[in-house]
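In the two assemblies presented below, chain A is common to both, partnered first by chain B and then by chain C.
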Partner chain A sequence: MTETSLRRPGRRPPSSRGEAATLRARRRRLQPRGLPWIIPALVLSGGLIYYCIGYTGYISTLDWDGISPDPTSVGANNFVRILQDPVFWQAVQHTVLFFIVTFVLQTFLGFLFAVLLHSRIKVAVVYKVIVFVPVVLAPAIMAPVFRQLFAPDGELNWVLQHVGLGALAQPWIGQTSTALPVIMVITIWQWTGLTFVLYFAAMGQVDESVLEAARIDGAGNIRTIANIIWPDVRGTTVALAILSAIGALKTFDIPWLVTIAGPNEATEFLGTYIYKMTIQLDHVGYAAALSVILLIVALVMAIGFQLAGREREVRD
Partner chain B sequence: MRLSIRSRTALRSLAVLAAASLTAVGLAACSTGSSGSAGSATSGTITWEGWTPTDTATAKLYIDAFEKQYPKIKVDYKLVNISDWVAALRPALASGKGPDVFDMQPGAYVTQFKGFAEDLTPVAKSALGADWKSKIAPIGISGLTASGKLTAMPVGSVYAGMLWINKDLFDKYGLTPPTTLAEWVKDCQVFKSHGQGCFVQGAAQEGFDQDTLQSIANSVQPGLWTKASKGEAKWNDPGIVKTLSIWQQLFSDGIMQSGAVGAQQYPDANNQFLTGKYAMVMMGTWYTQYTTKNALTAALGSAGTSGAKTFPMLPIAFPDVAGAGNTSEMYGDADFGLAVSTKSQHRAAAETFVKWMTTSKIGQQVVADQLNDIPSLNGVTPDFTKIALVDPTSQSQPVKDLIAKTATVTEPREALLSTDVQNAILAAAQSTATNKATPQAAANTLQQAAVAAGQTFK
Partner chain C sequence: MFEARSPLARVGLQLLVTVMVIPFLFPLVVMVQGSLAGAGWGNYAAVLAVPGLGQFFLNSVIIAASVIVLVYVVTMLAAYGFAKLRVPVRELWFWLLLACLTLPEVVLLAPLFATDTALGLYDTYWSVVLPLAALQVPFAVLLTRNFIEGIPTELFEAARVDGASSMRGFLYLVIPLTRPIAAAVLIFTLIGAWNDYLMPLVFLQSTDMQTITLVPQFFQGEFSNDQTKILASAVLTALPEVIAYLCLQRLFERGLSAGALK
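Right, the complex of A and B next:
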């Protein structure tokens, strides 16, 4: 940019090499360096994010209640205890199962809605709004609604009893066998709208001529979806997989507000366990070690998904 | 974009200033020092945060009476649900932006928050004299004292170990309150046959599960629960195993409502009992307030049934579920004390409020008349001539008997239990309730957890 501006027509060329050097030096002095501009952002990100991560790493080596002035250093003992903690492994199992179920169903439903709403459907805007509205509703607002809906004397059981399916009525969030599926259903209800929007946008980028060519070649709707649209939106699927995986690792609000991570730890996730350890039980060092493990798992998963997505693209 | 030398210098200065400000903000946030000035003792605005009184109308009565005597001190009460209490208070106090006065409960809360509470011994001495300890219920002082420091002044005490029943529902179906496990099961069968809920408990919350377990344990072997809490008996003692076995029976025999392990005592069980969906609930003396018309009407409104008909509720002894002939004794702690934050900017006014609430006869009389707490100041009793019960004929004597009985209680409720042990008790209760563990296995796990939590046993 600087060189271009120096050679703009109408400007007098430097009369000598020394004069040009002086001019360049003067320009360097006058041009702002990048550092001052990025300092506020650097301080914010470095201070508030990376410093906190480092501090959490330090706390994870302590036996500390978060308040007392004399924490005890325990080295890697917190990590050793975590690996022997059955509740931690339960939380990991729930997270993995939660990710698989919610990702598969959200992807299926979101993709299906996107395909349907790309067809010439009447009042499509209304459907779009209906599908997307749950995304903008705060879990804290919806949690009491779901607690009531799935309560033993709640609306779901009422409906079941009034359509002749009373035998299926049960305390959905009050028993270990159904509490986790209920949390999954709520999550799918809430986030399918986002999956739908991303697929809807991605499908808008699919080359029309390819679709037309496929139709001329005799491909039906299912074949077109499976062989053209689905591969074309792979990038979106990979992005959603990363978001879902990280979301599953961070899951906290719905299980905490609806089931308090119970009953009998049936809906315990890493997020709820960290909260319980920090706030309710004062084991801040242990909770920090859990957080470090959570961070590492999240990073490994995100990198893994990215690499898998890239390899696939290269092969294709 | 180009800048002059002057603006470039200014930019650098700005950047350095931004960095310095952020650092300063960070350091300020991390600062733990206490504030300097105590402010005026007779004027100012103070904030009081607590999980109890559980309805703001009761708190307002206390505050109105206080402000009548100290018109220049304004008290703002903020009610926080007990399940959110630690999460809300901890960062508030740590940041220095917390309340001036906050509720304190014996046991785990004292351990957690004693560092943020002023030693109120001088306040007690100035109000009641050198022999102040003899003028306050001892159960309040011991539970709120840690490392020789009086972390809070006790407002009143609460006791548990009884059930509350809806008299109208028992009368409607011609039932008598249960005194044994078999009668309890039978009552529930009758209620259920009429589509009426029987007993409701929020078994997802440890504090209330502990109440039921302690009552069962007292039926099995009086005093065993307290012994285990003190480390004089193990948590896998045969008596505790039997306690867990009977607890499990409450679920398998249909006494506990369906889905109890997923329900919370507040708001779920509380609302369902108050709205008449269930006929019995396990609550303590704090529920005495709902024998009054005013408090019950307000509570029904909070439970989402504004305009609902009030009903007389009665306390009954916890049934002899072990069949060993032991009437379950009550147990109790200071319900709550009022602590003054070390970081308060209005410590003097806060101390005035705490002193008035806990040591003045007027303040304690207001507390007594709400029937939420048994007042901690000796000699103060509820003035029943001013208290409008829902049905004085049926309620008056049982309520008076209950209050009189509390004077003889010696067993603590939660004061001896750490948060880790309480968490382990909840795990044992839930694992047996959901048949994920046998009573023996759950008791063994509880014992291991208690040892791991640092509890020592003889």
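Right, the complex of A and C next:
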């Protein structure tokens, strides 16, 4: 991006120095001022968001219930309390675990679907639609469906009992050991379609002749996929990792609506914890401090991914 | 990519995909089947008979449409400015916008709540439209800027030589030429706004302002946990999204994946 912005428009090398100077002057005169054009976006997006971040930073130093007119300032006390808060650390643990599991499984499933649907499967479009439809459905609307599906007398247990695995039937949502996996399964159900579509498109750009050459050299299906296709779509994998990581930090709808972040905080995420603290428990100052930490984590992560991506490019 | 030479292998692959999609289909089957349990189609009749269901849809349409218009206008202007016009410290502004990409919306709750009540915006469409649009703009600008940078600068210069102002260049060059990327922006903004749950949950209190993502909750109160009717309402609210997707399949898939592909 920096490269494009530094380059002056127009690529023709000028023939003489004098001409170059006039050309540059003309170009400059011809390129009108752009600041007024970007101001609406800066005001709407930057203005609103940075205003909120600044405000959050201020609230995070208060002991405030969100209503009282004169909150007391407590300095960094909220942050100290957060670091000693076991629920906070639980939420962090859940987020990390959630990211790793959902990312790995989504990548595996999405990649496999993409490879398979590139393999002259009949009625491929039907499979494509089935896998992608969850992406467009609102998690909030699907939540009641999953509450029923995973209920003690729900469809999952019914299926298990009818295929002879009745011993596995259990109250999936109601016990701490399975609640988090349920949230992961729902998320994977929802987002594998996106992973699949991205890989599917990326694989369409793999050079056919390279594949053919590999085949002629005797490479089997597995080798072709592992040594040619998988490295070729690495850019997509990196993009998906960033999306998944940001998604994990933003997780709110599904744990809130399916398990109410429980039982016993088993599915507590930073998003649900902040929501609870802000709206239900009126610890607005504490929630703001949590928000600040969440923001810093998100930003550090984004920069980290950016740097890692750049390093990779240099090495190639 | 898999090369299946023998008919047996081909059947095997087909079987594998079929088995793999079953878990994806399962919740949808449960949803439809559950909505028809007990009273059958009567569940749908009962749900449709509840006054106000149309209002939820209308609110979602109003909010999504406003967000889309706002995002589209602001994004096109900014992307043109960033890509083709002279902006001092351009990259600084750009990165300031991009940093907002990672922002979880829950972070905005407390400050927005305090500000909305102070300005009297609480429980109005604005309290949801503005933050949703603000959160969508950075990504939209990123995509559109990259797209406009691909348009040859000579085109804009030629227009200027012919006496066109930058506004005319914008209206007659940028707007028509960016149609493909505008479609992508439209789709992911639509999905983001239409499916959002947190903002309407917190900022829209009165029932006649609420959006379709709050419908299941509304019906939990209305039918005191009659699961079949709740599922019927879920099917009804999901239906427009599924139909829209089936009609504009390509556009949806491209729109949602536009950011990750070159």
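Simple rule for what comes next: the second predicted complex is superposed on the first by the 284 of 316 C-alpha atoms of A that agree within 3 Å, B and C clash if a C-alpha of one lies under 4 Å from a C-alpha of the other, contacts with A are read in each partner's own complex, and residues count from 1 in each chain.
In this text, a residue touches a chain if its C-beta (ideal position, glycine included) is under 8 Å from a C-beta of that chain, and two chains touch if they have at least 3 such contacts.
Just so we're clear, the structure is a prediction, and the values are computed from it rather than from any experiment.
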{"item": "Partner chain in contact with A:R215 - chain B first, chain C second, else both or neither", "value": "second"}
{"item": "Which of chain B and chain C A:I279 touches, first, second, both or neither", "value": "both"}
{"item": "Larger contact residue set on chain A - chain B or chain C", "value": "C"}
{"item": "Touching partner for A:P40 - first (chain B), second (chain C), both, neither", "value": "both"}
{"item": "Touching partner for A:V104 - first (chain B), second (chain C), both, neither", "value": "neither"}
{"item": "Contacts of A:F146 with chain B and chain C, given as first, second, both or neither", "value": "second"}
{"item": "Partner chain(s) touched by A:A308 [first = chain B, second = chain C, both, neither]", "value": "neither"}
{"item": "Chain B versus chain C as contact partner of A:A202, first or second or both or neither", "value": "second"}
{"item": "Touched partner set for A:S68, first chain B, second chain C, both or neither", "value": "first"}
{"item": "Chain B/chain C common contact set on chain A", "value": "30-32, 35-37, 40, 44, 66, 275, 279"}
{"item": "Complex contacts: residues of chain C adjacent to chain A", "value": "1-4, 10, 13-14, 16-18, 20-21, 23-28, 30-31, 34, 70, 73-75, 77-78, 80-82, 84-88, 90-91, 93-94, 96-97, 99-115, 130-131, 133-135, 137-138, 141, 149, 153-154, 157, 160-161, 165-166, 191, 194-195, 197-198, 202, 212-216, 220, 227, 230-231, 234, 237-238, 241-242, 244-246, 249, 252-253, 256-257, 259-262"}
{"item": "Touching residues (chain side chain A, partner chain C) in the complex", "value": "1-2, 4-5, 9-10, 27-28, 30-38, 40-42, 44-46, 48-53, 55-56, 59, 66, 109, 112-113, 115-122, 127, 129-146, 148-149, 155, 189, 192-194, 197-198, 201-203, 211, 215, 221, 224-225, 229, 235-236, 239-240, 243, 246, 249-250, 252-253, 257, 270-271, 274-275, 278-279, 284, 287-288, 291, 294-295, 298-299, 301-302"}
{"item": "Residue numbers on chain A that touch chain B, as the complex places them", "value": "29-32, 35-37, 39-40, 43-44, 47, 65-68, 151-153, 170-176, 179, 259-260, 262-265, 275, 279-282"}
{"item": "For the chain B and chain A complex, residues of the former touching the latter", "value": "1-5, 8, 11-12, 14-16, 18-19, 22-23, 26, 83, 86-87, 90, 94, 112, 115, 203-204, 257-264, 268, 277, 419-420, 423, 427, 430-431, 433-434, 436"}
